[in-house]
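Order as written gives the chain letters A, B, C, D and E; numbering starts at 1 within each chain.
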Amino acid sequence: VTGCGTTTGGAAGGDGPSASVEEGFQVGLLLPESKTTRYEKFDRPFFEEAIADLCPNCTVAYQNADQDTSKQQSQAEAMLTEGVDVLVLDAVDAEAAASIVQQAQSQNVPVVAYDRLAQGGVDYYVSFDNHTIGTVQAQALIEALEAEEAGEDAEIVMINGSPTDPNAADYKAGAHEVLDGQVSIGMEYDTPDWSPDRAQQQMEQAITSIGADEIDGVYSANDGMASGVIAALKSAGVDDLPPVTGQDAELAGIQRIIAGDQYMTIYKAIQPEARTAAEMAIAAATGEEYDGGEFGLIEVEDAGGETVPAVLLDPVVVTEENIEDTVISDGYYSIEEICTDAYADTDFCTEAASS
Amino acid sequence: MAQQTPVAGETVPAPDPRPIVAGGSPRGLVQAGLRRLRGGELGALPVLVGLVVICVVFQSLNSNFLSPQNLSNLTLQVVSTGLMSCGVIMVLLLGEIDLSVGSVSGVSGAVLAVLAVNQGLPEPVAIALAVLTGALIGVVHGTIFAKVGVPAFVVTLAGLIGWQGAQLYLLGSDGTINVPYDGAIAYLTQTYFVPAVGWGIAVVAVGLYTGLTLYGERRRTAAGLPARSVAEVLLRAGLLAVPVFGGVAVLNLWNGVPLAFLIFLGFVVVFDLVLRKTRYGRMVFAVGGSAEAARRAGINVDLIRISVFALASTLAAVGGILAVSRGFAVSQSSGGGDVLMLAIAAAVIGGTSLFGGRGSAYSALLGGLVLGAITSGLYLLQMDSSVRYMITAAVLLVAVILDAVSRRSRRAHARG
Amino acid sequence: MAQQTPVAGETVPAPDPRPIVAGGSPRGLVQAGLRRLRGGELGALPVLVGLVVICVVFQSLNSNFLSPQNLSNLTLQVVSTGLMSCGVIMVLLLGEIDLSVGSVSGVSGAVLAVLAVNQGLPEPVAIALAVLTGALIGVVHGTIFAKVGVPAFVVTLAGLIGWQGAQLYLLGSDGTINVPYDGAIAYLTQTYFVPAVGWGIAVVAVGLYTGLTLYGERRRTAAGLPARSVAEVLLRAGLLAVPVFGGVAVLNLWNGVPLAFLIFLGFVVVFDLVLRKTRYGRMVFAVGGSAEAARRAGINVDLIRISVFALASTLAAVGGILAVSRGFAVSQSSGGGDVLMLAIAAAVIGGTSLFGGRGSAYSALLGGLVLGAITSGLYLLQMDSSVRYMITAAVLLVAVILDAVSRRSRRAHARG
Amino acid sequence: MSEPVLELSGISKRFGAVQALSDVSLRVHPGEVVALLGDNGAGKSTLVKVIAGVNPADTGTLLWEGRPVTVNKPGDAQQLGIATIYQDLALCDNLDIVANLFLGGERTTAGVLDEVGMERRARELLDSLSVRIPSLRVPVASLSGGQRQIIAIARSLLGEPKVVMLDEPTAALGVAQTAQVLDLIERLRDQGLGVILISHNMADVRAVADRAVVLRLGRNAGDFRVEDTSYEEIVAAITGAADNPVARRAGRVAVPGSEEA
Amino acid sequence: MSEPVLELSGISKRFGAVQALSDVSLRVHPGEVVALLGDNGAGKSTLVKVIAGVNPADTGTLLWEGRPVTVNKPGDAQQLGIATIYQDLALCDNLDIVANLFLGGERTTAGVLDEVGMERRARELLDSLSVRIPSLRVPVASLSGGQRQIIAIARSLLGEPKVVMLDEPTAALGVAQTAQVLDLIERLRDQGLGVILISHNMADVRAVADRAVVLRLGRNAGDFRVEDTSYEEIVAAITGAADNPVARRAGRVAVPGSEEA
């Protein structure tokens, strides 16, 4: 078949790292989904802000892939068609993103891996490590259990993310690293589509099997599923909820934390992450070296064995104690947003109102 | 020539000797039953048997399966999708399909939460407005389908995509909205009846069924029409009483009969009665059987179609509201995922045809219970998700094969 | 009494004066065209017009839309789902539905990657085995449907769930498997033809079409049957040549004609010919039109059904393989998401009926391009997901409404 | 003679590239049975569907009791008092006999279908047409061809029509049932209804029809008083030639028993 | 007399709670036209479908040219050489006339459908049945009732059958077409084929049938040589009584023109 054809590696498109901050250029930002709050509400605006700040003449093209690998590929292609000079890619599937990286490189467009380390030899990488997030969540859960003196024979339920989402596997692996041996895992589920409804049903079955009183804690991979877990516990008549973990620092999750229903969530300080990505993108597009700024540049190796200069940020555990110092002081949410009527008489809000 | 009315009695033919009539005796009933079994006219029986088999298998694998707690949970787990199924059944009876029920349930849930939480409307008002939203959406779908002539598949596919967009838009960047644990919304699924009320409902239900059926058969006998014997009616009432009283007893062992499940049952019963006992239901079946014949009979086919789509979306909205109530929250993924598939699958497994004109509202209950039981049992057994998917598929097939085989023998007898 | 053959010439009736025959003149052609327009017999025209409208609108909003690069990407973006659509069309022609195509494409992709990467089989062998897997899966579906009588909806719903489980199982804990950038698999979508080859293919295609059509019409004339005039044939060939040569010219401005798109086109053309020109295709239409009539005509209905499901799954596997080739990887989510909906929607938008017996293989191409163009255009315009969903729904409806309106007038003329 | 209850003029109807009816006119008086005759494909059923509002005409006028009316959907015709038995029957195969009989005109008490009343009435009606049907509660899909036909005929008698159109009502009926239907048509006429009867059976037509209107290739091709016209004349009008297969067959065949009972 | 080409005995068939056929027997000789008569719902079409393999019998034996055979699907009957025209026609509404005519027996050259050959043959065949159809390329859904019937009849002539079963073939046909079909049946008989004809039209039956087999309520109710039997005798066998609506009508009616042309 290939006898009469040619395989073109990269014939046209993209003018390589020749853009300049003075003239401005176009930056493509590809985010994976819109169903968790952070991407549309924080990553995108923070990133656009950073670019506007660092390179006033630049423009940002933005796409969201709704958690669909092939959609993301189409979106990347549309951007390359548009003639972006650098891609900032938060991959739906880090491994499958190799095709996007490949295509960009064939058109001499550099790629910055954002949040997830896309395969295929990207130019820079900035992230909170998925694996680390899992360990941090688990660690927080262990601490909470210890505080309640549940000890070694504590029994927990694990509600992991979607079996078809590769990132869920990272969180799961990280969490297991900490939890295995420390506590006994009574029931463990993968949740199709990260669905809160499914998580609720799974939790109900776990309660049926183990008994509501026997559950000392629940590892839930994100805030959405935590809401389902808590609904199941409440419906089963549990008043004194065991610690439930979460991730993403959704507003609803923060509200559950101040109401005492959810124990913690993971807050990723997105502003520094987005700013770093912006700096990396500008460096890559203009062909300069990036030194890592205040966080310092390290080198990581991707699954294909390529070394990538990277900045890794630390995820922050948010519990009722440090809401003020994290999400509020970073401008993530305001007190008014959190303390709606339904939450006005929580300790947190009464305190905030009085101070 | 003497003028005669068309009802002249002159030529009443002798009774046809060919139909094989069952006597009223128990033996006659059993014989008729066996004949139906062979002839494939089993109605819901195969699915019921499938359900029993599923229960027995899971119970033998995990003794918690038939525990009152688990059964109580099961009743609540099937409610939301079951209500959507109810609407889907109406659409399937027309011979059409509604792909939008999941999205409509999601957008109605979002409307509910935005109105009740963000806008601070009283919860009952918000519930009413959310239901209304569903109804309006259905009218839009139905009108585009019936009046413009876009295939229902495409209209509701556009609905599936478009209303999901509206849901995302409504929920805005916050994503999830929590609803209070103690408002009217939450009470919908958090309310259980005390045992006495449960028993009362069961007695009234079985009593009404028996009374009305006996009255109906008496009228038939009085009119000289073939009727069921009293023995048969009582036998049927007994067969109905077993699950009803058994169910109440088991649920009373836990928290009592849940309000939400009663709402669901109420919808199923009402829809069944509407479909079987009213002109409207008759017209729905007629349009599903042959739209052209219905049109020639003077039925306003467009109106029936629009109303059915409106009903389907309304029920989807009700299902969405109950889902919000149960999860204390609405999120961007509400109504997404496999909700649509489950709603349609429940209808089909329960015996409603995809090709129109054949089915019953009870499909929603039976099919929903089959699917719910499979999921519940597999979660209890806690398998790898890959294995869980494969087993779900296998159990699904097995649960339907009995029905299929019996229907096959019926099909072999049907005219082309 | 003289014995006569049934073909006795004694009573040949005078020609029927009622049909309104178009002359061969250009004016006659235009008149016939206008009449068809009013009568609603437009075939693919409304969808084509819809496609053109979509292109014009997006181009006016973003001048990159019709750029060679974007069009080249578009051709590759539609290939994988388009192939699945092709198979779905066969099933829809039977009046059935196949919900499993997405999962089958995913599991075939997983088989391919596991064999080629983990097991180290030569890539072409792995490709062949993956296709074979698809075919076997289809035979299983078809057999359960045709021989056991489980509704196709349930069989393929079980397939949708079960094969996804198998895919997860095959991929194991590794999840995603990357395939090499330079193997046979990758070449499938990474190969573009040099301009000359593209032109050659275009010339041969249009030439063959013209030649064969002229030959066919000559034979009809020779046999004394109504035939199209040479002028009309040439006009049609000209209308075909415009997109073919235009397409090649545009694609040559970028990398050239992509191999994968040619594979897709090849499948579409072959399926179209099979459906229209062979006994097998005729039987598929017959079973879809009336299974009972087909059975009475001695057609082995079960065999046709099984073969169609086998074809659908085979094509799904081919689509899955091309998806792997394009993404250089297979993951747990391959074949999931909206792949199934898109495959069915493309077929329906392209004009294939969900009720069996009406449609054409070109629906896969046209419907796929409509959906692909909408998606591509909206990505170029960069909107919020929520707005994007809503606009997709609106554009989808608009693209089909023209077709629906024309079909409506046709429907008004059809017998019940 | 009394004023026609129904009068059509200039009716034309086209399907795609086929002009099925061109400038057709027809009159029916109360108490008159008009036979609508014509070859296969002459346009008889199309004309019936035009009158019944199933496929409205492209052009032409329709006078009902002297007033011009428009009939755009079946409901319009039913409102006027036109009952129609279609050649393709138009039954809902999935519904049982009673449901089909009362389709669109169900009886209810307090909103609930009066199944007992409908079933009893259905039984009476079918008995009067001397048809044997094992059970009234089977879907009509399982009925024999003649049984289906009788259901369709019975249905049209349930309203209180002023004009009844029967499109080949006896085609599938047995001898006894045919006799009953012919009796029925005579009773309808005697009750002052207008009847349009389509039939290919000349014996039946001559037995009950007062007037015969012939269509050929979608145009009027004659209007005869049945009493005054011979069989051969009508057949010639239908086929458009005196030399037609019927005449040829009649000239040729001398099989015993063909004296046309 | 020659050996029967087809012989049935003890045929029973039940649908759900209805015993449609009980212990029915039937014989057809080559070159013989057997009329199968009976009231509506008597079981005639059911018997035809048993023979054709559409709905195999529950019990009973079938001898073909003296050998016992089993017919479980339509293909089996076609293989033996039985061609059937069903009362409910069984056409594929979505296919055009040519495709329906050749369904299951398409002609191909080198694997490709020979559309030209098939269309020419179809045109010849339909012309010989003197039916006018504007175009052979319209879907049969748009044909008139009689046109559909003729398509079904034409289809059965395309194979080389030894027995032809016609279930009410002339029910929807015009006078000219009916004459042609009767001619055709006679030609088939003269060519030595066995013919089973179901018809409610006694005139047609008496014109072409040699023998009449009567079914009543699913049982054999008489076997007559047509030449030797009067119209009244046959009707009495069909209705099961000498006092039947036909006789009553005949006694009552004295409308001019009812001398049964």
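What we mean here is this: a residue touches a chain if its C-beta (ideal position, glycine included) is under 8 Å from a C-beta of that chain, and two chains touch if they have at least 3 such contacts.
Since this is a predicted model, take the numbers as computed values, not measurements.
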{"item": "Chain whose average C-alpha position is farthest from chain E's own", "value": "A"}
{"item": "Furthest chain, CA centroid comparison against chain C", "value": "D"}
{"item": "Intercentroid distance (Cα basis), chain C paired with chain A, Å", "value": "39"}
{"item": "Intercentroid distance (Cα basis), chain E paired with chain D, Å", "value": "25"}
{"item": "Chain A-chain D separation of Cα centroids, rounded to whole Å", "value": "74"}
{"item": "For chain E, residues that touch 2 or more chains besides their own", "value": "15-18, 54, 88, 90, 130-135, 142, 180, 183, 217, 245"}
{"item": "Where chain B touches two or more other chains at once, by residue number", "value": "1, 11, 16, 18-19, 168, 290, 292-293, 295-296, 384-386, 415-416"}
{"item": "In chain A, residues with contacts to at least two other chains", "value": "34, 40, 163"}
{"item": "Touch list for chain B against partner chain C, complex", "value": "95, 97, 99, 144, 148-151, 153-155, 157-169, 290-293, 295-296, 341, 344-345, 348-349, 353-355, 384-394, 396-397, 400-401, 404-405, 407-408, 411, 415-416"}
{"item": "Footprint of chain E on chain D - complex, ascending", "value": "15-18, 38-42, 44-46, 87-88, 130-135, 138, 142-147, 149-150, 168, 171-180, 182-183, 200-203, 206-208, 217, 226-227, 231, 235, 238-239, 244-246, 248-249, 253, 255-261"}
{"item": "Touch list for chain A against partner chain B, complex", "value": "34-37, 40-41, 163, 187-190, 192-198, 200-202, 204-209, 223-224, 227-228, 230-231, 234-235, 237, 250-253, 255-256, 340-342"}
{"item": "Touch list for chain B against partner chain D, complex", "value": "1, 3-4, 6-9, 11-13, 16, 18-19, 216, 219-220, 223-226, 277-279, 282-283, 285-286, 288-290, 292-300, 356-358, 414-415"}
{"item": "In the complex with chain A, residue positions of chain C that touch it", "value": "64, 67, 69-70, 73, 77, 80, 164, 168, 173, 175-178, 181, 187, 190-194, 197, 254-256, 259, 323, 326-334, 336-339, 375-376, 379-380, 382, 384-386"}
